[in-house]
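You will see two complexes here that share chain A, one where it goes with chain B and one where it goes with chain C.
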Partner chain A sequence: MKKILLFLLLLMVYCCSYSQVYLTRTAYVGFFSKTPAEDIKAVNNQVYAAVDAGKKNLAFSLLLKGFTFTKELMQEHFNENYVESDKYPKASFSGTYTGDVDLTKNGVYNVTVQGNLTLHNITKAITTPATLEVKDTHLIGTATFKAKPEDFNITIPSLVRGKIAQEITVNINADCTLKQ
Partner chain B sequence: MRKKIFFSIGIFMLCLVAYAFYLYNKPHTSVAAMAPAITISAADLYAAYAQNEAAANQRFLDKVLLVKGTVSDVAHTDSTFTILLESNDIAGGVSCNVTAKNTTPASIKNGEPVSIKGRCTGFLADVMLADCAVEK
Partner chain C sequence: MKQRLLFLFVVIITANRLQAQDSTLLNMLSDSMQANEKPMPVRGTFKGLYIVNMKTVESSARGALNFLIMHRFGRLNDGAYNFFGLDNASIRLGLDYGITDRLAIGIGRSSLEKTFDAYFKYRLLWQTDGSERVPLSLSVSSGLTNYTLKFPDKTYLNARYRTTYVTQLIAARKFSSALSLQLVPMWLHYNLVPTVNDKNDVFALNAGGRMKLTKRMSISAEYNYLLPDQVNSIDVHNAISLAWEIETGGHVFQLVFSNAQGMTEPQVIARTAGEWGDGDVYFGFNISRVFNISHKAKKSVTY
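And now, the complex of A and B:
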């Protein structure tokens, strides 16, 4: 009897470790460029994020047209000239993280995320420190990393190059809920 | 005579610079102030995208839509909130990121009918509308 119970318990643990998928459709991705000439900020609140805490995988997906800028002309240039969102509408990231996250204990855990970012039809490896916060049935991921437009084959005319930072700061905040 | 021409060219250039400056600093136009180009139900909009994304993009992408549907979920993000409208398909719906300040998330209830105006940004499991305002 005890053995059966133990077996059942093990089976449950096994099953659980494979169904620890946290999802959100409303993650936040923002980017920021700061130069003496101009500050540029854009936000997107409709990012898909999935974290599989069992396999330590994570993935993001977003529409580039979903970024809102404060100035209309910037949004137009971003979509038409830089990321060419009619041709390449999506950006995505998929990767893994290392670091211990105790899902049964609320708290903030530091992890390292490693994966591939695809933007403008170019895929590039990215490694960044990140935090995962366990809050009951929520798993909240945050990260900040830098990316160079030129790495993604985005050419910025020399006339405006001075107004856009060499490295763009990207902020991510994904409040994912456990999928039942 | 030469002075006059010089002067008028000067004025013209000044106007051009002023206009360029105005265009450059023009704030992002909020959808709330625009008239919708197309009125459609959330179910029809989702079906159009699920069937043929490219054709649906031709019809809806970058346009201001007025979408009527039933609220299936409300999610909070930092300073905005997102309303998900049901479609006839369990796989997805219409995701509307509300930036207009005329509504609070508390006034939106699951299962209630609602009309939302927003700019269509494409398809990603759900049809996405950005910069939305809830119509009363």
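And now, the complex of A and C:
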């Protein structure tokens, strides 16, 4: 009996540590705000992303200073006045996905991602549809969701409120490769 | 009993693993991020291109055009008849364009002595944060001014005599998001000086800074030290200028108090006649507005 339990224990430990982790340091996150007054676009191509296809969880991490804007002044305002990247340099996401992904078969799989987005020292739960594409040793994740600046305690002065959309569209594209 | 303990052990371990799995991926990313940390340029050392009268280390971003209006009323001690200086005014209109993120060129026109000015500014060094730090930002700026005010009795004043050259090295550091300071050694060459007792080559040291009060409001100050025994025929003083700065979107607005009436280096550095103690204070404002006119800048971002 003791031996069986020990075996069970080892099996469980093994089971849980067994994973297929896909990684990238060059994932893309972009966001877009459209108002009649002004369009604001920003991209970050230095996003760290990891997908554990065994445990079906995933994580993103990025430096807010890595976002480049079409206008230098917007970038300065974004970092200094809105996300305060000196105080809170990172934004991150950690969550799980549901849906079947057959890693042995190339193809696009629809999944639902659920998790916590941390920005400006505020953590908020987010659920969004997403796709995972299996392409040999690559796992490419894409998603689009909307976020409100006010949800993350980012205050926008009334004078410029009309220039920033109520909801910001966020695009994600992460081409992860299997960690050997 | 032993079996129960073992069972409990298994449950605890499994539970621990389940709980930990959510953050382990993120921890792994954070560690990897820290290991691959790259230095990032420090932005926004100063909000504008001028602390008050003196150039900051900043220059227009590539493809951006800065339009600047600098305005000074008369002296506060002018008395009630001149409405404490508000009856008189002098103005400088300036344009500054970023050819690259490091190189900018500018032109300006001051109503004081009807002066034209032109300059370039090049960023030599960019302060960075991160592991391999560059401790300060360094810019070099060089230019000339030419005053065109007509003097009927001085027909000998040709364009060459009216020209002054300015070269400055601007060293700045953003100490925190609230405090930035800069130190500027400056060399001016006046093609014509009033008497033989005055030097054609004038050296000065300028110090300036900005302190943030709130996210969009700050106080700027600059002090100019003119090295002694250079300007002797005219009674000149070191210029001290203060500004209260408000930023709204693409505008930077400054309320200015200064004992210098001029707004170009040759007028401020070695021709400031006013003195704070006597009430020779010029009230005024600076307004700057950024226009993004080049499409090149926009191409670098694709969405």
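Everything below uses one rule, namely that the second predicted complex is superposed on the first by the 162 of 180 C-alpha atoms of A that agree within 3 Å, B and C clash if a C-alpha of one lies under 4 Å from a C-alpha of the other, contacts with A are read in each partner's own complex, and residues count from 1 in each chain.
To be clear about the criterion, a residue touches a chain if its C-beta (ideal position, glycine included) is under 8 Å from a C-beta of that chain, and two chains touch if they have at least 3 such contacts.
Since this is a predicted model, take the numbers as computed values, not measurements.
Colleague: Look at where chain B and chain C land on chain A after superposing the complexes, then choose clash or fit.
Modeller: Once both complexes are aligned on chain A, chain B and chain C clash.
Colleague: Could you tell me if A:Leu103 is touching chain B, chain C, both of them or neither one (first, second, both, neither)?
Modeller: So A:Leu103 meets neither chain B nor chain C here.
Colleague: Which partner does A:Ala42 reach: the first (chain B), the second (chain C), both, or neither?
Modeller: second
Colleague: Once chain A of both complexes is superposed, is A:Ala147 in touch with chain B (first), chain C (second), both, or neither?
Modeller: In the superposed model, A:Ala147 contacts neither chain B nor chain C.
Colleague: By the touch definition at the top of the document, which applies to A:Thr24: first (chain B), second (chain C), both, or neither?
Modeller: first
Colleague: After lining up the shared chain so the two structures overlap, which partner does A:Asn173 touch, if you call chain B first and chain C second: first, second, both or neither?
Modeller: In the superposition, A:Asn173 contacts chain B only.
Colleague: By the touch definition at the top of the document, which applies to A:Leu159: first (chain B), second (chain C), both, or neither?
Modeller: Once the two structures are laid over each other on A, A:Leu159 reaches chain C alone.
Colleague: Of chain B and chain C, which one touches more of chain A's residues?
Modeller: Greater contact footprint in residues on chain A: C.
Colleague: Once chain A of both complexes is superposed, is A:Phe69 in touch with chain B (first), chain C (second), both, or neither?
Modeller: Both partners, chain B and chain C.
Colleague: Just which bits of chain A does chain B share with chain C as contact spots?
Modeller: Of chain A, residues 25, 48, 61, 63, 65-66, 68-73, 75, 90 contact chain B in one complex and chain C in the other.
Colleague: Considering the complex alone, what residue numbers of chain B touch chain A?
Modeller: Touching chain A from chain B are residues 23-29, 61-62, 75-78, 80, 82, 84, 95, 97, 99, 121-126, 128, 130-131.
Colleague: What residues on chain A touch chain B, complex-wise?
Modeller: It is residues 24-26, 28, 44-46, 48, 61-63, 65-66, 68-73, 75, 89-90, 173 of chain A that touch chain B.
Colleague: Applying the document's contact rule, which stretches of chain C touch chain A when the two form their complex?
Modeller: 2-3, 6-7, 9-10, 13-14, 17-18, 21-23, 25-26, 28-30, 32-33, 36, 40, 43-44, 61-62, 64, 101, 176-177, 215-216, 248-250, 290, 292, 297-298, 300-303
Colleague: Given the complex with chain C, which residues does chain A contribute to the contact?
Modeller: Interface residues on chain A, with respect to chain C: 1-2, 5-6, 8-9, 12-13, 16-17, 21, 25, 30, 32, 41-43, 48-50, 52, 55, 57-61, 63, 65-66, 68-73, 75-77, 79-81, 84, 86-87, 90, 92, 94-96, 157, 159-160, 163, 171.
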